[in-house]
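In the two complexes below, chain A is the common chain; its partner is chain B in one and chain C in the other.
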Partner chain A sequence: MNGTYDAVVIGGGMSGLTAAITLCNAGKTVSVISKGDPVCCLSTGCIDVLNGTERPLKGISELPFGHPYGFVAEDLIIEAHEHFLKIVAEGKIPYTGSIHENRQIITPLGTKKTTCLVPKTMEYSEYDGGDYVHVISFKGLKDFYPTYIMMRLENTGCSVFDAGISSTIGIAEQFEDEHFRQTFADWILRQNIPDGKITLPAVLGIRSSLSIYDDLSRRTGRIFFEIPTLPPSLPGIRLFNCLKNALIARGGQLYWGSEIASVEKLGTIIEGVTLKNPGRVARVQGKAFILATGSFISGGLFAGMDTVHETVLDLPVYYPENRKFWFKEDFFSRGHEIEKAGVEVDASFRPMADVAFKNLFLCGSIIARSEVMKYGCGHGLAIATGYAAARSCEGFIK
Partner chain B sequence: MNFDFQHCIRCTVCLENCPVFRVNPDFPGPKQSGPDSQRFRFDGETSVDQWIVLCSQCKRCEVACPYGANPADIILREQLDYGRKHCRSLVNRLFSNVYLLGKLISLIAPIVNKLISIKFIRRIMIFSGISDYLVLPKYRFHTIKRSWPWKGSRKSKRRVVFFYGCYLNYNRPDIGRKIRDLFSSMGFRVVLPRQVCCGLPALGNGDSATARRMAKRNASILVKYIDKGYDVVYSCTSCGLMMTKGYQGILEIESGKKIAENTYNIHEYLLKLIDEGFLDLEFKAVEAKIAYHIPCHLRALGIGYPAVMLFKHIPGLEINVLDDSCCGLAGTYGFRKKNQETSYKLGVIASKALKETGADFIMADCGACRLQLSQLSGMPARDPAEILFDSLKSTMNL
Partner chain C sequence: MIVRDVIIIGGGSTGCGVARDLALRGISHCLIEKGDFAAGATGACHGLLHSGGRYVVADPTAAEECISENRVLRKIGRKCVEQTGGLFVRLPGDSKKYRDIFLINCDRLGIETEVLSSTRALELVPSLNPLLEEAVRVPDCSIDPFRLCMLNIVSSKARGGEILTHHEVIEIIKERGRCVGVKVKEKTSSSIKEIRGKVIVNASGAWAQRIAMLAGSSLPMTLSKGSLVVTNHRLSNMVINRLRPPSDGDIIVPNEAVCLAGTSSVGVDVPDNLNVSDGEVEVIAREAASMIPEFEDVRLIRTYAGVRALLSSDPCDGRQISRSFKIIDHKNGLFSIIGGKLSTYRLMAEKLCDAVMREFGLKKTCVTAEKPLEGQEELRGYPLSSRLESLKDIVCECELVSRSEVERVIQKINPKHIGDIQHRTRLGMGPCQGGFCSYRAIGIMQETGKISQEESIQILKEFLQRRFKGIKPVLWGDQLREEQLIEYIYLGILSMESY
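What follows is the complex of A and B.
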């Protein structure tokens, strides 16, 4: 258990896994410590690079000074996303889209959501108005109401299939079975659906979504696309599993379900961390550490009544000082000030000088001023900073 | 009263990881049967609990939960409560005492092995609630217990208690002996003291009294050795989980903490000794392609995947690590007729993934996993210790 690694990544979300995989590719020994499954599992699985603009890269260049995207050179952002596309293609959940251009997909409410890269199962989700869209739902399925979609799109129809199980995960597991797919395809052919696209909640399989998607298209001769659902979200699970398995295949070690109990520091160097285990203290040592614990929802930051602190290393956190200014009046309005909270880093993704852990690198939404909700840049920022921090870390280890 | 449930934010990460929820529509998943229902149990209100027994206690939800709500623990406590309030079925009573059963059967092993294959006897077994989709494991007369209880010099610096567990003892004593011989040839003094079942099957069948009795018995024996400077080593991951987490947790055994601090997984232990410089092993090549099925309880131990780390030293091995699926058998869970369908479906899912790797054989730390997966996939299944033995036998004169 006294493992010693080149790099130890704390946090197993998008940014942590991206960093870990990047380091593995560079031939480093890596371990990932995670308290549990990340927020990625609950996400739509789509990669939002920067919403609210048509050209994400141009939008990034116009972001206010201090945003973490600013620490990553444009070439590196592009490289990071190409790297991501390669990994997901290897993991048999290929993504469509280009970082140069945003696209819009249909949400379970029938509204449109801007995003950038989407799984192939959502490739045809772009609604170009007027075209017929047929919505398929499943009997007893909660949290997916075709009526919402039909109210907002013009030319639609709907049918309901009885899959014998009423959870998205249960239905997805059914789709893994070939006989079930045949029954489903036959049923679709019997529905006499007018020409146009067919959409269904994201339930096309857990492990082999690509082959299920292709198989359905082949059996019915129709164009399908998935609509991401509320959690539990299959596209999120697929994305997480793909990244996790990519890491395992590259020899990365996982300490899953493990919380950090204490950190061993020697001057400006972090030597190791110990994990909360029921008995003996478990130590994980590393030459370098990457902190990718995320923001409030992932538990990387914790807000008290008037203060915000960082939960693993107790790094100094930047946050708007007076609680009065933390929130906007309207909960649903974008850009609550508290979103700016995080750890300030320098251009090499180390925490700012006065903390000065030489072998610590940060990535993802724990970095101050990332404002992921405001800018709509969650996964994109995670990929870009994860990749860049790993590069910086790699240079340090050498 | 356990207040862990208050940590739950209902994010559904546990649902995403629950194997039973995927294939059994009757089970509402760990969120609803764990933290959600606990709110009602709190004030003595009766919650609808009959589905509580459908949980297989694989602990995947516990590993996945990022907020420390411990759904599996909440459910287990409720299962025990259910066991106390309801009349437990014959099969539950039988399986709580798998240890005694094994003890009896091993005495007349050749006869029982014959009897089990007779159709009429099978029918009686099915009638009493034992599932019939698996061929029951063969019992052995020459159990580990009846063989040499210690090996190696009294003067050895490393002294080890080997906790072999019921499956190795009654069904695969050959693996137990290999481990004993490996240890002694490494210069350890190995003792195999009198020991009873770890208590996990009793807990799984709702019998906390029996479980506690067994745990106390083991604890009194193990503590005596630990005080004399022995380390406890286990090879069965479920026994290990029970001894490190269960004894000091749910069973509240006094010396539980001491046992947890001195108990090691076999591969974790060897890695530790290699790190400490105590061992310098010369691994010989084993030419094989292995599909390594990670048992759920190994994940729950929070020690990473030590066999993967250790086997990096063995030349010629190609290991595919698969940790996304539960084998479905979950100890005695799948041997109960009521759970047969769930277990079978999960087993098919897991073995399909293993077959797709194109490996020569399956490797798994847990005897139950091996039993289920080798029968459902038709591939041979081996214990990691056997591979280790193969790699070391020529250099260690075994």
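What follows is the complex of A and C.
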């Protein structure tokens, strides 16, 4: 399956899909090449814009020079997130919150996690003092232990439902079924749960979480909120599916499960890539390319014993030199030095001037000095840089 | 107050061996261990049951002890010994003369050898460096130190032995110049117990000096740290040694699903808080790769280190010091044992118990070499089929450990650390090193009500920090990739640092 597009996006995660959708909106023909489902599916699905502060935008303005957020003007960051909110609302997984203000949600450990935008199913996940919170778990579920949460809350109780299956994805699939929901709602009503909120692990459906959530609230007359679980995480999967569907609806082409075998270049221009597909080889050509392959987890970067390289185009990578300094001693320190590794870009999201490619743009955590864990800025940075890189790319294609 | 004839300090292989030996001779005893069994050098060694080949040139006494104990353990401990066989490989540039002396000495000591051509050696272990000159086959084996300790304890418990793990000796009680008992502190509750005995056995390995000092004595010993790395999978089904004088990183031992490679030898002052340096890892990986080239880019999942307690007080080079052992009678009711090795633990226990029997004026002889270790019948080994039976219930995906297995251990031993569960089930010993399953194991511990809720987070935090310490020196490649995901789970999803 060969094709020629205005823009070819390499990497189907948050930043790549954001960039692709943005370019589609601008009337460009776009394809996305991805090795597989992205790290987004392992995430909480919440949009961390910049944690460690109450006001993310103010925090961003105070970031050290060289952080990729610095290449995106504040109004563009706001615009990118508004664009995101529009897409997820269209895709029936509306998000709550505002980029101007962070919020805190309950984690499966009962701690508070700072984040910014959350799916509507987590809207009520905020502590408000002594209000009663009832924790629902599911029999045999190995990644959710109500005791962790109950020890952190003052006023709380717990019930366990037997869904006949013990994986989050399996239970989520059950919730897609109306009869199951009725059974579950009836069971809730029989528990005589005191007034207050009801929380449960994020298992309320895969495809139709919003209507499942509303349906449960209606049937029981109770306020629910989901707690994002360990990977694989339903809110992350829903978010990814939503963006993927938004791209398809806009005419974007997907090359899924495809690794890049070779890259064709002529001087300072990348002409096309060849995909390693089972069966026949596909060649994808584009006027411009966007590299959104992420950092180490997603495989955009790979660390040797003492070097780091970029896996698709072998672009020069910035990284702390001595392996001894890659990680701090403390596991809980947030922000190991190795997090700075990445490809350095200029203000138009192209690799730095000494790198030859004129039609290549980068977005997401492959960009050097992103330090996503240190700043708690994963999805927010992906949205902002994906949107901004797409804008820059659009200007180039014109 | 507990009263027993003998108090054993240390739950490593020596202490556990002494407990079994005394039990079989009908002597009442109490064993005190500050952590879990095999928590010191016993659990932090290669798990190699030496044929003696390694010491045959420089230290024939140690070699002779090794081969004789090797035969004994293969006979009495079938379920904790894997009879892998071993190869000493000679690479281009390695001394031919050394090889000749090696063969002569093996012959003299009765260590069975077979010289193999490089072709034959490669047939046996295809991952070997194809440039090897030749290999010598010896009866090296792989041994499970945790299991070994626990099986020795079975005999002790069955005969009324009192076993106190997670208890630390804080005082040795002396009366009229003689050691008559100890005070121990329970680790979690800090409650103090007093135990009285006629003889105290100091089998605390690297901590032996500390214990001797509590009794007002001292020991001629030196500490040498040995570091090892763990691979993601088995690269060889035989033990692989380098045919040359013992040096860093020249042993590779298959163990369950992985291989262990090491060791280094670095003098240290204290036995606690060991760190493995990046330099040590690089040396071990490079040396191992000279024998098995795959080591160059194999995924290393962890490092660990143990401290050998060696005889003599000359700390300049740990490798020059004999690996044989010594029993010291402090003439005040305290007996210390230092030196030796896992392979000869039983012999060490036998000699020590002989000394104790002389002290008591009793005649009963040792039978530990003849009687198979008790409790082996119940062991299931590592059958994949039985682990797959409860697939739905798996809490540790790397090592296929089920929830019911974890619950069984919790009910049985009342664990206070994830390590206690790890050693008994292999939970958390795979590629993610407990990244996913430690949160689950503690969740389960909490649900059974065996630990308080506040305790649980503390245990999880300690585990993650200790785990990270072991992984940090091998963070590159896929292990780095996995670690970033684990970091995301505990900090990004669970916000654990906010505790």
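Criterion: the second predicted complex is superposed on the first by the 395 of 398 C-alpha atoms of A that agree within 3 Å, B and C clash if a C-alpha of one lies under 4 Å from a C-alpha of the other, contacts with A are read in each partner's own complex, and residues count from 1 in each chain.
The working rule: a residue touches a chain if its C-beta (ideal position, glycine included) is under 8 Å from a C-beta of that chain, and two chains touch if they have at least 3 such contacts.
Computed from a predicted model, the values in this text were never measured in an experiment.
Shared-chain residue A:193: touches no atom of chain B or chain C. With both structures placed on the common chain, the touch criterion links A:299 to chain B and to chain C.
By the document's definition of touching, of the two partners only chain B reaches A:35; chain C does not.
In the superposition on chain A, contact of A:334 is made with chain C only, not with chain B. In the superposition on chain A, contact of A:169 is made with chain B only, not with chain C. Of the two partner chains placed around the shared chain by superposition, neither chain B nor chain C is touched by A:158. Within the superposed three-chain model, A:352 lies out of touch with both chain B and chain C [touch as defined at top].
In the superposition on chain A, contact of A:263 is made with neither chain B nor chain C.
Look at A:231: by the touch rule set out above, it reaches both chain B and chain C. In the superposition on chain A, chain A positions 42, 166, 231, 299 are in contact with chain B in one complex as well as with chain C in the other. Contact residues on chain B toward chain A in their complex (touch as defined above): 11-13, 15-17, 21-23, 25, 29, 62-68, 244-245, 248-249, 257, 259-263, 268, 271-272, 275-276, 299-300, 302-306, 308-309, 312, 320-321, 323-324, 349, 353.
Taken in their complex, chain A has these residues touching chain B: 1-4, 31, 34-38, 41-42, 164-167, 169-170, 173, 176, 206-207, 231-232, 237, 241, 245, 248-249, 251, 253-259, 275, 277-280, 282, 298-299.
Every residue of chain C that touches chain A in the complex is listed here, in rising order: 278, 282, 285, 392-395, 403, 436, 439-440, 443-444, 446-447, 453-454, 456-457, 461, 464-465, 467-469, 472, 475-477, 480-481, 484-485, 487-499.
Of all residues in chain A, only 42-44, 48, 107-109, 111-114, 140, 142-143, 145, 147-148, 150-151, 166, 228-231, 233, 295-297, 299, 302-306, 323-324, 326-327, 329-334, 336, 338, 373, 376, 378 touch chain C in the complex they form.
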